[in-house]
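Lettered A, B, C and D in written order, each chain numbered from 1.
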């Protein structure tokens, strides 16, 4: 018990330490920018890991919720004069409501059939965002109003680095708490055997729905952060490729591990920055790295590292 | 009436394209339960290699056969170098590997070929066939016929050849098949090569209609995957049915409802079908054993 | 399984981040750095690729001829894959890390609009290569662009339609950023030219059959012409299907298909299609006294010789952007971004592939309708349409 | 007191009648076993009783309440727990966590307090873990509690399933072939365990092939053949039943059954 409890705090402690210490070695604000993007992507990945890693349900349309969060902070302030912070909340509520509505039906599907249903759902959201140009600005996108706190305008990578870093730490703490709770165990149980979970008194459908809703809220908040940070948003934020990116973050880092999701986000966000040296061979290198990680680091980076350092474990 | 028929023809044209792509998914899924997101790249390779060879003055039939061989080799390599070493990984991990592979193949294609759009000449000319006031391009019939021929070919292969039966056994139960003396690894390799070849044939047939570029595979994979799931994964006939239904949904959606939302309409059709038939149109309902 | 060993991977992540960008191109202090974020891969790569080739080609040429003001030009190119968020990150990198003097790039309107605030904040001039009028309207102090706006394309087409007395039209637009944005602009300026839009259809960028939409247009009574705002492969398929179902009225394409590849893809179906485009496409047909002739013939021949590909107006926009910047730097007598910006704004009588640029504090494009020629495709080649000039 | 009653229960798959017109009653505190050859419908019947399958006909009453077709998680709340012939272990978890899952219904299942990690959530976790350890000790798995479940040997996994089921504090425990794959010593230990569970007031239903084990332990037995009831009664009565001997015991278990009863 104490081992598990402390493991939770170790993950969180290391994360906070990294967030706090990284700026010491950052030579320019560009690094803050990339790191802020990592934190924001990691928020969505940690959330998706609750659905994919804990509950074992695949979503290939999760960027749809990123889109809802992003456009909430774009449209709310511009069209309705709402406060941006309030809009993050409204976006999250809208995402939760939509996840509840959609999840009730499609979470009955299994495996690849669930994958295609979620893919279709994400596709629909991206389609609406691109088509309803009067509201969303269409495929060209729309600017997002800057937010301010007590008259102080929040702009610039440094501010957003700290803001998104803090939010990621919070989101990770919540996810780790959930993992070691009644509901968290229920999710991990139904991942392995839905029937045994049901017979242990777990309302499988309800638990899956909760995981879907929680993951949607994480993604929505991340989407809002991304839009506010970028100051501009296009429907690409909800695209299929973005959904695939999120899934890849979770899987490459190590499915089921929050630390893995953060690491996966770090890898996939920073890789394109590294790979610019390859110029036109960039895509080749990216594809190769993804394949090699998945082939040689079975189960993802974090679980492989755990096995390496704890050989007596199975 | 003419309008309705035109929408039908459009749906059949587009649907048979999706069906051809979905057939490639089916081949690999059947032998190994892997959903291969690089299937669209096989289709792209079929088109682009043929285009490139044609540009080098190779006659079309020779170029086509060469493209099929190239794609089959790439399929084989994909299995041997990326899927087989990762055996035992979960389905979603394998999907990520195939996505990595698709990025890789695309990356190579953009360097080897170029980033422009290309087309192939239609096999039987561009003069549309008129029928009751509607028109269809002869190439659409080639695509439709190609899908039919592949379904029949796959059926004959799995029912009437020893290798095909071994593949069916491998699909049903890999361990049991191995105990029965079947080299299951070779069978799965073969299925990847076959899927590469099927994809390339698809690419050659559809390029006169859809055009192609190094980037064409992504969307085709998406639609082909959707069509395969709609039909019931692993069923060649289901893949064709799913593809045609998807194409018709898009055509009638564009014609009668809203062209801006036609892709959305297609996905709504998929959702409705799956919610009433959770294993797709032709999928078997398997009761869970405990 | 315990979770004790999460420490190391996280540390590794931190280390990875810190060296993330150690690989930027290193330039000598005296060199002048120019940045470029382009969509060299992804759905807009057929635009980004010629842009990148053009920039690399001419930067090499300039350096071979001794550089600018005795200094070498260093070009830093990043590929955003068409993703605005990625473009923005690279824009930040150009500004914060590479410390470029100016940026010529931004293949799509989406990426350009996403990057604009960064260059505004950093006070670095940014010459966009994308179409949307929103990039320069309202005017942003540091943001310029070289391609004709989609509104100008609409006006050019509608002007031609009005002259031919074809004022009841159908539109079929791509749902991509280019098609959608141009459609909006066309709807806005239609009244000004007395054009009525009777049918308004759309298609997705990678659709392979547009006959349902075209059937609906064909069956709309009173249609006199059809306009197709779109780029990439879509317009080629629209053109083919247009002939397939036998729509008899004239078809207008946009400047988004102004490359030879459109004619190749659409084949004989493209015959008779009209479109507004820069003079570049008809370089050799221009009258000997046309001021643009030397520039466009020169660019066309240089590009085609170096790359072996037919020239497109997309690469031309990059050419214009690069040389507007080079001229401005020469006039500024150095590479100070603010001074360069001031000089870019003062660009007048600059003859590029796109036309004659006359910029001002209120006009960060500087082209007027005369920059567009109305072209007609005949026998697989471009010709100046009758009545144009 | 009668805890569970099945009335004319029947279920078919496609054209096959897996279970047909089966009726029986289980007294509280008894060990009630279902025996029969492979394919007799034993596990199918368990699946109906535990809510995995919905019967096409008939009723199931639990303590007088009609629970026919109720989903598994609600039946669990009513006090039915079970184990599986094909093990359904949560391999992604440790041994003790597997059992903690069984405490699900006894825990506060609200999301927000769990995610916030409130002191109440931590307290509950401690309590659940403590209880799970006690149950593990009861089934003899106290030592490997913090190991991954997958590291246990086969026999221990069967006990782990029992522990998880017991964690529900059920009224009725369905054990589906608990002795399968166990050696004689393990089987004997299992018998002890089953008896001690009954002593705690839990009623047990058992599907088992090991006739010696079944005959020794059961208060009452139901014999199924081809989905139909062949006979029902005490072990002694069944041993006298010529039909049962002919149809089942005679073929499969007479040699074991007879010494077991003598």
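Operating definition for what follows: contacts are C-beta pairs under 8 Å (C-beta built on N, C-alpha and C of every residue); 3 or more make two chains touch, one makes a residue touch a chain.
Since the structure is predicted, the reported quantities are computational estimates derived from the model, not experimental observations.
**Q** Mean of the CA atoms for each chain, then the mean for all of them together: which chain is nearest?
**A** Nearest to the common C-alpha centre lies chain A.
**Q** When the contacting C-beta pairs are counted for B-C and for A-C, which pair yields the higher total?
**A** A-C
**Q** Return the chain whose centre of C-alpha atoms lies at maximal distance from the corresponding centre of chain A.
**A** D
**Q** Centroid of chain B to centroid of chain C, CA atoms only: how many Å?
**A** Roughly 34 Å, centre to centre.
**Q** How big is the gap, in whole Å, between where the Cα atoms of chain C centre and where those of chain D centre?
**A** About 71 Å separates the centre of chain C from that of chain D.
**Q** Would you mind pulling out the distance in Å between where the CA atoms of chain A average out and where those of chain C do?
**A** For chain A versus chain C, the centre distance works out to 34 Å.
**Q** Distance-wise, how many Å sit between the C-alpha centres of chain A and chain D, to the nearest whole number?
**A** The mean C-alpha positions of chain A and chain D differ by 41 Å.
**Q** Which residues belonging to chain D are in contact with no fewer than two other chains?
**A** Within chain D, residues 52, 84, 88, 148 contact more than one other chain.
**Q** So which stretches of chain A touch two or more other chains?
**A** 3, 131, 195, 241, 280, 282-283, 313-314
**Q** Check each residue of chain B and list the ones that touch at least two other chains.
**A** Only 110, 260, 263, 288, 290 qualify.
**Q** Considering the complex alone, what residue numbers of chain A touch chain B?
**A** 52, 58, 105-106, 108-113, 115-117, 119-121, 123-124, 127-128, 131, 195, 240-241, 244, 247-248, 251-252, 255, 280-291, 294-295, 298-300
**Q** With touch defined as at the start, can you tell me which chain B residues reach chain C in the complex?
**A** Checking each residue of chain B against chain C gives 3, 6-7, 9-10, 13-14, 17, 110, 114-119, 126, 128, 134-135, 137, 206, 209-211, 213-216, 219, 251-252, 254-255, 259-260, 262-263.
**Q** Enumerate the contact residues on chain D facing chain A in the complex.
**A** Spelled out, the residues of chain D in touch with chain A are 50-52, 71-73, 75-77, 80-82, 84, 88-93, 97-98, 100-105, 107-109, 111, 114-117, 121-122, 124-126, 128-129, 146, 148, 150-151, 164-165, 167-168.
**Q** Per the contact definition, I'd like the list of chain C residues that touch chain B in the complex.
**A** Residues of chain C touching chain B: 40-43, 45-46, 48-49, 175, 201-204, 206-209, 211-213, 215-216, 219, 232-233, 236-237, 240, 244-246, 261, 264-265, 267-269, 309.
**Q** Provide the residue numbers of chain C that touch chain A in the complex, in ascending order.
**A** 1-14, 16-18, 20-21, 23-24, 40-41, 77-79, 81-86, 88-89, 92-93, 95-97, 109-110, 113-114, 116-117, 121, 132, 134, 175-177, 180-181, 184
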